Each structure stands twice: as structure tokens, then as C-alpha cells.
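Structures are listed in the sections that come next.
Next, two complexes with subunit A in common: one pairs it with subunit B, the other with subunit C.
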Partner chain A sequence: MNFVERTLSSFVNAMERALYAEEHAKADGLLQRLDPRIKVIGILLVVIAAAMAHKLWVIGAAFAIALILAVSSRVSLAILTKRVWLPVLLFTGIIALPAPLVISGREVWRLPWLGWPLTAQGLASASYLVTRVETAATLSVLLILCTPWSHVLKALRVLGVPVLFVVILGMAYRYIFLLLESAHDMLESRRSRMVGELPGPERRRLAAASVGVLMSKTLQMSGDVYSAMLARGFRGEVYVLDDFKTARLDWIMLAVFVALASGVFYCGR
Partner chain B sequence: MHIPDGYLSPSTCAVLYGASVPFWYVALRRVKKFLATRLVPLLSVVAALAFVIMMFNLPLPGGTTGHAVGVAIATIILGPWASILAISIALLIQAAFFGDGGITTLGANCFNMAIVGSLVSYAVYRVAAGRTALTSSRRVVAAALAGYTAINAAAFCAAVEFGIQPLFFKDPNGAPLYAPYALSIAIPAMMIGHLTFAGLAELVLSAGVVAYFQRTDTSLLKLTAPGALPADQESRPAPSQSTWSTVRPLATALALLLALTPLGILAVGTAWGEWSARDFSNPHTREKIAAASRNAAPPVRAPHGLERLYSVWTAPFPQYAPAFVRRPAVGYALSATFGSGMIILVFLIAGSLAFRGRRQSSSAGSNMTAASDPTPIPASRDPALPKGEG
Partner chain C sequence: MPVPVFDVREVSFRYHQVTALDRLSLAIEPGKRVALLGANGSGKSTLLRILDGLVFPEKGLVTFCGESLTEDRLQDPDFAYEFRRRVGLVFQNPDTQLFSPTVFDEVAFGPLQLQWPKEKVRSRVEQMLEVMKISHLKDRSPHHLSTGEKKHVTLASVLVLDPEVLLLDEPTAALDPKSASQMVDFLIGLRGGAKTVVTTTHDLDIVEDVADHCFVFQSGRVVAEGAPADLLRATSLLEQTNLVHAHRHVHPSGEIHSHPHLHSHQH
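Showing the complex of A and B:
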């Protein structure tokens, strides 16, 4: 599969992921019912507490919290396995694999054929890394799967992110998909005219020219977007319509999140 | 090299967020000043573009493919400050929505790729491209170099961030809590992959896109080429200017100071905080340390960390005293001359690269002007002005 096809498939994956997230955000689960601001604060607190933990069982407890949240929000564990747990295990697992051999410490076991010693500290370190990454990844994926992206952005305001950034982030997100489609069509049309293999320098020129064309189109598009905004009365001030209302469940869950995060932090010191 | 959550300790993440904030602030102010109301649409669309570029699978020499960040291209077309913002926004969307890179480590990723990447690529591009014409092939080489250096600088920062984790963050049994590999493993591991594939991908992309714009629309390259000569003037040699008259007083002052440097030996003792590991065991220097520290006695021997890291680097001329010179005064003056000579040489090389065409008539000339801020987007590229069709 040549680079055009690989690029095309990565575009398609990205678009699929967005559609998938939107579906989940509409389901009727615990996290979906909460105010996005509570979710952002609560999940962030648990992620930070898990990041600060110095004990393996505490990180495991945070992971269990993530599991409970996933199940109560009707996110299937099979999907989590496929999209989060396996990729993280593969990526971080490979990085952590040499740790028991490389980190010095108390020897625990020797590999049968090669005789290389595995240390307790190395095994502990590898476990810390893998469990921490899995926990953080699960929690952040839950936040995104159970909340429409536009709500996540508006909720960022409560963390002190300036309105300007929230607006730019929202627009950038929308235009990502527009650009993905444009780039997809461009490469697809090129691919449909390709017979046989291009030599190396030609391939590189094609890739660079595709990016160049995309850049020119982008800069032109920004001018059009700007004119459209001006025509609708934009004069530089940005506003965000905040229509979140908190219910009793939100405050209860916020208390639960704070209690859980404090527990994880306290036990993990 | 998007760092996921869990690899860096919360304190490292907090420090890197803190380090990124001033750059974001300055970048926002500068970009706002130049773009005003055009800021929102331009930055949004360019951030989206940066995101899409990061998804491109680029063919590399040798048959492999790689991914580029596009930081050098963003810097060359838009200037370093807009590039910092656009890439940071793209990284945030990647981290939050696509899970590529962590949320706690977003500050670190932005610092490495957006901030260090943009500033390094800008510096390298400006120095390497000099004042050559927009269509010159030297600009393509400069762009390639800028991309390659920027990615490797970012990778080096990430490697250092990884490598210091086991130094500072261990559990009571000594097991590293975050990234487990020390600098001696982290740096080679990161740099090998980036000096080869990732650096090559960035190089190919940067050079390719600049070459593309040289063929189609050179106005897009104008922002980061403020002194570019028009194409026809390049072959004419510029009139040589003697800079010796302006530099002569400075050179005289420097020569005088070099002659006076041995006076520095008259100052006895070691500055506070510049002791060696051995000084802690020497009773004579221990007295001096205590006397300079409000009579607080130093520890019986050098602290473990100090002792371990003290000899990380062995200088060629330790304490300004080259081994082959017997008189300390002569060694001191020699070191001063050597050091000043090296600094002047570096600036001469950089100056001759950046200002090609101006012949220097003496070796002591240093005629680099301070790098100016990128000019605002020129009127020909102003997206707000009405353009022709298509």
C-alpha cells in the first residue's frame, strides 16, 4: 500500500472516530447526563490524582473507577479494549518491556535461555508506567466519548481558558473535517489517475505538492471565512453562548469525583 | 513524539505548562497586533491545516514513509509566533479528541514541538537563507535544514524530559515512577529515530513545500524573508563596506581587557556555590565554605547527587588553566583570548551566512544587526482584501 493510500486511510479513520464519538454522546448513561463542566473538572481531578500516585494499587483503584464510569455510561468494554487498551498496551508495553532488564535493583528472576536478570524495581517501574497510561487514556477517552466536542470546549471556560481560544478551537475542529474531505478528494482523484508505481522523487514531489496546494487553499479559505464573518457583523469580539444548567445529580457527582480524587491522592502519597 | 499521560511526573508537566504560558502569551499578543480581526479565522484554519499535515504519510528516500509535524513550514509561511499558536491548537485537538498525546503532558508537547520547534526553525531558516532571492535554491536547502534541526531539537527536549524522570521520581524501593529510562538511554533512543526517519520526513516536507511555492506563489514566502534581494540583483556583488572604522574602538577595548584579564587571579577563593565535589572533603576549603555560609558547617562529604553529576563534563581547559601552560597568569590570558576568539568566529560565520554579499574587510568585524520581527502579512497576501476570481 503506497503512501497515498495510507494517507487516505488515516483520513478516513479520523472521520470515523468523530462520527463514532458523536453517537456515544447521545446514549443514555451516567456521564452523558452530567453537566460538561462537572465532567471536565471531575475527570481531570481523577487523572491528576492517578498521575501523582506513588503506589501501584492506588493507580489500579483509579482504573477501577474508570471502568465503573464506563459501564454506567453504556460504553462497551469491547470498544474500549479495541480503541484504548490494546493500542496503549502495544505502544507503552513495547517501551516498558526492557525496563526490568535495564533498571538496576534487586534481582527477582532470570530469563531461562539468555540468563538476563529481571529486577523487582524494573518490573515495578514497567507496571507503574503501563497502568498509569492505561488509566489516564481510559478516563480521557470516556470524557470525549460521552460529551459532544462543542460542549467540552465550552466547558473548558471553567478551567480559565480564554474565550478566544475556545472559539478558535471550535472553528479549527469544524475545519479539520472540511480540510480532511478536501485532501481526501484531492488524493483520491490523483490515485484514480495513477497506473503503476511512481519513482521515489516523483512521489515526494507529489506529497509536497499536495501539502502545498492544501496550504494555498487553506489561506484562501481563511480569507473567505473572514469575509463571511465580517458580513455577519463580526468586529473582533467573540462570545460563547453558555447554556449549561446544573441539576442535583451534577452536584452529587462533583462531590463523588472530588471524594474519589482526594482518596486516590491521599492513599497514593 | 507526542508524549502520552503517565510518562512525565505532574511536577514536570506543571513546569512545562508554566514554561509554555509566557510564549503563548507573547505569541497571542504579537499575532493579534498584526492580524486584529483576522486572527480568529486565520488561526483556526491554519491549526486545522497543521492537524491534517500531521496525518499525511510522507514517502521518504529508501522506500519507507514517515509523518511530519509541519512546524518548519508553518513558521516559514506564517512566522514563528503564529506557528506556535497554530501548532499548539492542533496538538490540543489531537490530545483531547484523538488521544494522540496526553492531557497532562500537553504543556510538554507544546513546548517541545510548537515552541522550541517554531523558534529553532525560524532561527535556522533566517540564518541559512540569508538575503537570497525568494526563488533561490538556497532557500529550499535552508527550509530542509530548518525542518530537520527543529524536529531534532524538539526530540532532544523530549528525551531530556524523559531522562530526568528516574533521576527525581522514584518510589521508596528505588523503582522509577514515570518514564523509567535514564538520560543515557533516553537520549540515544529518541535521537536515533528522529535523526533518521522523523527528521527526514520533516526535511522532505519543508523542502518540498518551499520548492512548490517557489514555482507557484512566491508571495507566500515573503513573510520570513524581509531582506530578500530581487532575483536579478543576486549575481551583482554588493559594494564592499569597511566596517573596521566602526569596530576599531571595540577591538581596542577588547584587546585592552584581554591584557588585563590576569588581574582576575588576584581574587582568591571560590565563588559561593561553585565548589567542586573534592572541596567538601578538604578541611581548608570546608572552613571557607562555612565562613561564607553564615558559619553553617557543610556536610561531611559531598552530597551524593552532587558527586555523581559533578564530573558529567570534563572541560578541556578546566578553571581557565590549560594544562600545558605553567604560569597561571599566562594561562588565564590565553583562555580569555581563546574564548573571545571563538565567540567572534561564531558570529562571523553566522554573519557571513546571513548577509551574503557584504564583503568583510577585516576579521574583527561583526556587523550583524539584530534579527527584526517578521513584518505583518503584506497587503498582496491580506486575506481580507478583495481578491480576483479563483
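Showing the complex of A and C:
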């Protein structure tokens, strides 16, 4: 697969993932039934508690909570493995890799041939990093998979995020898809006129030109969007409609989240 | 004589070095359905933006119901509120007008910015979605809509404010025949009502259905005006302004020739 085809494929994957997330947010699961504000607060509490824990088993318990939430919200563990656990393990693992070698402490093993010592403190440090990130990433992805993105943004207001910030993020999310489509069409038209693989300098030139064209389209579109906002009464202040209504289940789950986060925080001190 | 809704006098506008409007003058009477006809680049969309107070002419004067429509005037919150409530513009490209995360949020945007009470906004939006038959789309994201659906949503997002003046920029552009027909049916439904409707188009097939009076544009100026039926008979004018074309076609007798003509459907 050449550069253009790989890029096209990644655009299509990105759009498919977004579509999957939106479809999944409509499924009948535990998290899907909750008020988005409760989810944001509850999941944030558990993430913070897990990040502050100093015992691996406590972080493991928080991870287990995430797994239970995933199963009860009908989120496929295969999807979580492919999109969260493996990528996080790869990237965080690379960052954590030097830790057992550079952090001094009690030696537990030596690398064959190289003879470099691995320390217990270094291994522990690497483990803390990887497990904390895996847990936080899992909980965050669960929030996004089980909640429409527009609701996640509106729910951030309960944390004091300014309305303007929420509106800008919402518009950015909306227009990313439009720009993805434009980029997709540009590269498809290029592919229809290509034979064979592009040399390296040509690939880089194509990438830079695509970025430039998309930037130009974005600038023009942003002016038009601003005009459209003005035409409907925008004068600098933005107002949004929150349609969230809490039910008994929301308050019960909030209490559960607070209890779990408190337990993780207390046991992990 | 009623005060014109819009009175445009000797208005000129340029985009950098390109002249879009060149000393253009016209008046739009209240309650009339007006079509602005012209080829691409003739200045129709630019005029709509000027009428909607989004851009302002370099020269000339525009009034709205007798009041000057200037950038300074629109800084006055009271005037701006009234103007935005009374005048609605539907853009040609629906993607520029659909900037909210969901259809419901989009239709609610206008009333919220005009600071209507939230309960009123909710009920009005629900009502408008029902009227436009797009209630089933209310939680959808704009990038999941077809072009026809997007056009319906953009129309709903403007009509929710019940404006007195409706400005429509190429409302049937990029629509399939069925969607275009539905749009035209909607515009026909506005006949006889209190709304003033200004439609830009270069689709001559719909002009007689959507307008009582037409202005023909060329190179940023009005070169003719009149009733649609009269203008559609002026073949040389239409050819000169690139609104009709000559193409080769075959008659049932087998004769092949070309001449400028209008396509029409006779019953």
C-alpha cells in the first residue's frame, strides 16, 4: 500500500471509529443510562484516585472497576484491547522501559549478554506508570464510548469549564469530519491519477501541499461560519441548552463512584 | 407607497481587487417574493450578505425598513436584536451554517443567542422540527446528514425565529430533483403570506414558482427587472447574462442543431 492509500485508509478508520463511538453511545448499557454530568464527575474521581495511589494492587482494583463498567455498558473487551490497552502498553512501555535500568535500588536480574542490572525499584516505577495510564485511559475511553461527544462537552460545564470553550470544542469536533472528507477527496483524486509508488521527497511535498490547501479551506470556512453565527444573533456571548435531567439511578451511581474513589484513595495512600 | 423592506442605492463592494457589486440599486417591497437571477459571480450572494448586515458596502447606502443598515447601527444591541429576529439568511453551503454538534442544538442556536427563555426555546425547536418533518434527525450530527437533510435543517434553524424577511442563497443548489421539488413546494407555500422572500438562483425552471418579481444581475449590476414571465421570454437578455445556453440537440425528426433555449415542461 503506498503513502496515499495508507493515508486514505487512516482517514476512513478515523471516521469509522467516530461513527462506532456515536453508535455505541446509544446502546442500552449502565453508563449509557447515566446523566453525563454524573459520569464525568464519577469517572474523573476514580481516575484521580488511581493516579494518586501508591500501591499496585489498589491501581489494579481501579482497573477492575473499569472492566466491570465496560462489561456492564456492553463495551467489547476486544475493542478496548485493540484501541486502548495495546497502544497504551506500547507507547507507555517505551517511555517506562529505561526505568528499571536507570533507577538505582535492589538488583533483581541482569540482562543477558549486556549484563545491565534491573532493579526492583525501577520495575515498580515502570509498573506504576503503565498501570496508572492503562486505568486512566480505559476509564476515559469508556466515558467517550458511552456518551455522545456533545453531551460530554456540555457536561464539562459542571466542572466549571467556560461555555465558550465548550462551544469551540464542539465546533472543532464537527468540522474535523468535514476536513477529513476534504482531505479524503483530495487524496482520492490524487490516487486516481497516480501510477506506482511516490518517491520520498514527492510524498513529503504532497503532505505539505495537502496541509496547506486544508489550512486555506479552513480559514475560508471559518470566516463563513462566523458570518453564519452573526446572522443568527451571535454577538460574542454564547448560550447553550442543557437538557440533562438526573434520575434516582444517577444519584445512586454518583454515591457508588464517590465510595469507590474514596476507597481507592484511602487504600492507596 | 409602503416603505421598502430593503432599499439599496448605488452600492459598490469589492473582494480585494475583484468588483462584486458596481453601483447597484434596487428596492424590495414588503411581502413580495423576489428572485435575484444571474450567473455565477454576478454578485447575487454578495448582495444577500449586504442585506443581512454581514458585510458592508464601500460606497452607497442600504436601508432596512427606512433605517440605515450600517456596521455602527448593528453595534446597537436593541437594533441588532430586532434585525436578527426579523431577517433570516439561509446560506448556499449548508456546512457553513451547521456548526453545532446536533440538529437540535443547531435549530436552538438562534433563539438562544436572542436570549429567549429556555423552555420557550425547547418547545419552539420541537415544534419547528415537527413542521419541517425532521424530528427524527434531532440528535444526529450534521456530518451524518444528506445534502437534502442539511438544507432542511438550515431552513429550520432560520425559520425557528419566524423572521419577516427570508433571504435564500441558491436554495435548490446541489439537491436531487425530489429534494429540490420539496424545497420549491415550501417556497410556493410562502406565497400570499406576510413574509418577504428574496431568493438567489440561476435555475430558471423554478423562478416562476418562487418569485413575483425578478432582478437580473450581470457583473455586479442590475441589468433588468420585471415579472418572471416577461423576463423568461427575453431570450437575448438571458443569453447575454449567461442564464441560458446553446447546446446541440436532436429533434424527433432526426435534425440536429443548436440554439439558445430554455428547458420547460409543458402539460
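In this section, the second predicted complex is superposed on the first by the 250 of 269 C-alpha atoms of A that agree within 3 Å, B and C clash if a C-alpha of one lies under 4 Å from a C-alpha of the other, contacts with A are read in each partner's own complex, and residues count from 1 in each chain.
Everything below uses one rule, namely that a contact is a pair of C-beta atoms (placed from the backbone, for glycine too) under 8 Å apart; a residue touches a chain by one contact, two chains touch by 3 or more.
From a predicted model like this one, the values you see are computed outputs, not experimental measurements.
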| item | value |
| --- | --- |
| Which of subunit B and subunit C A:Y239 touches, first, second, both or neither | second |
| Which of subunit B and subunit C A:A124 touches, first, second, both or neither | first |
| Partner chain in contact with A:E22 - subunit B first, subunit C second, else both or neither | second |
| Subunit B versus subunit C as contact partner of A:V84, first or second or both or neither | first |
| First, second, both or neither for A:L44, with subunit B first and subunit C second | first |
| Touched partner set for A:A231, first subunit B, second subunit C, both or neither | second |
| Partner chain in contact with A:Y173 - subunit B first, subunit C second, else both or neither | both |
| Which partner reaches more residues of subunit A (counting touched residues only), subunit B or subunit C | B |
| Which superposed partner A:S150 touches (first subunit B, second subunit C, both, neither) | second |
| Overlap of subunit C and subunit B interfaces on subunit A (superposed complexes) | 149, 171, 173, 175, 178, 221, 225, 227, 229-230, 234-235, 238 |
| Complex interface listing, subunit C residues touching subunit A | 49, 52-54, 77, 80-81, 84-85, 88-89, 91, 93, 95-102, 104-105, 108-110, 112-115, 118, 121-122, 139, 141-144, 157-158, 161 |
| Footprint of subunit C on subunit A - complex, ascending | 19, 22, 148-150, 153, 170-171, 173-175, 177-178, 181, 221, 224-225, 227-235, 238-241, 243 |
| Residues on subunit B engaged by subunit A in the complex (per definition of touch) | 4-7, 9-10, 13, 28, 36-49, 51-53, 55-61, 63, 65, 70, 73, 77, 89-90, 92-93, 96-99, 102-104, 166, 171, 173-181, 185, 204-205, 207-209, 211-213, 216-217, 220, 381, 383-384, 387 |
| Contact set on subunit A toward subunit B in their complex | 2-3, 6-7, 10-11, 14, 17-18, 21, 44, 47-48, 51-52, 54-55, 84, 88, 91-92, 96, 98-99, 102-103, 105-106, 120-122, 124-126, 128-129, 132-133, 135-137, 140-141, 144, 149, 152, 164-165, 167-169, 171-173, 175-176, 178-180, 183, 200, 203-205, 207-216, 218-223, 225-227, 229-230, 234-236, 238 |
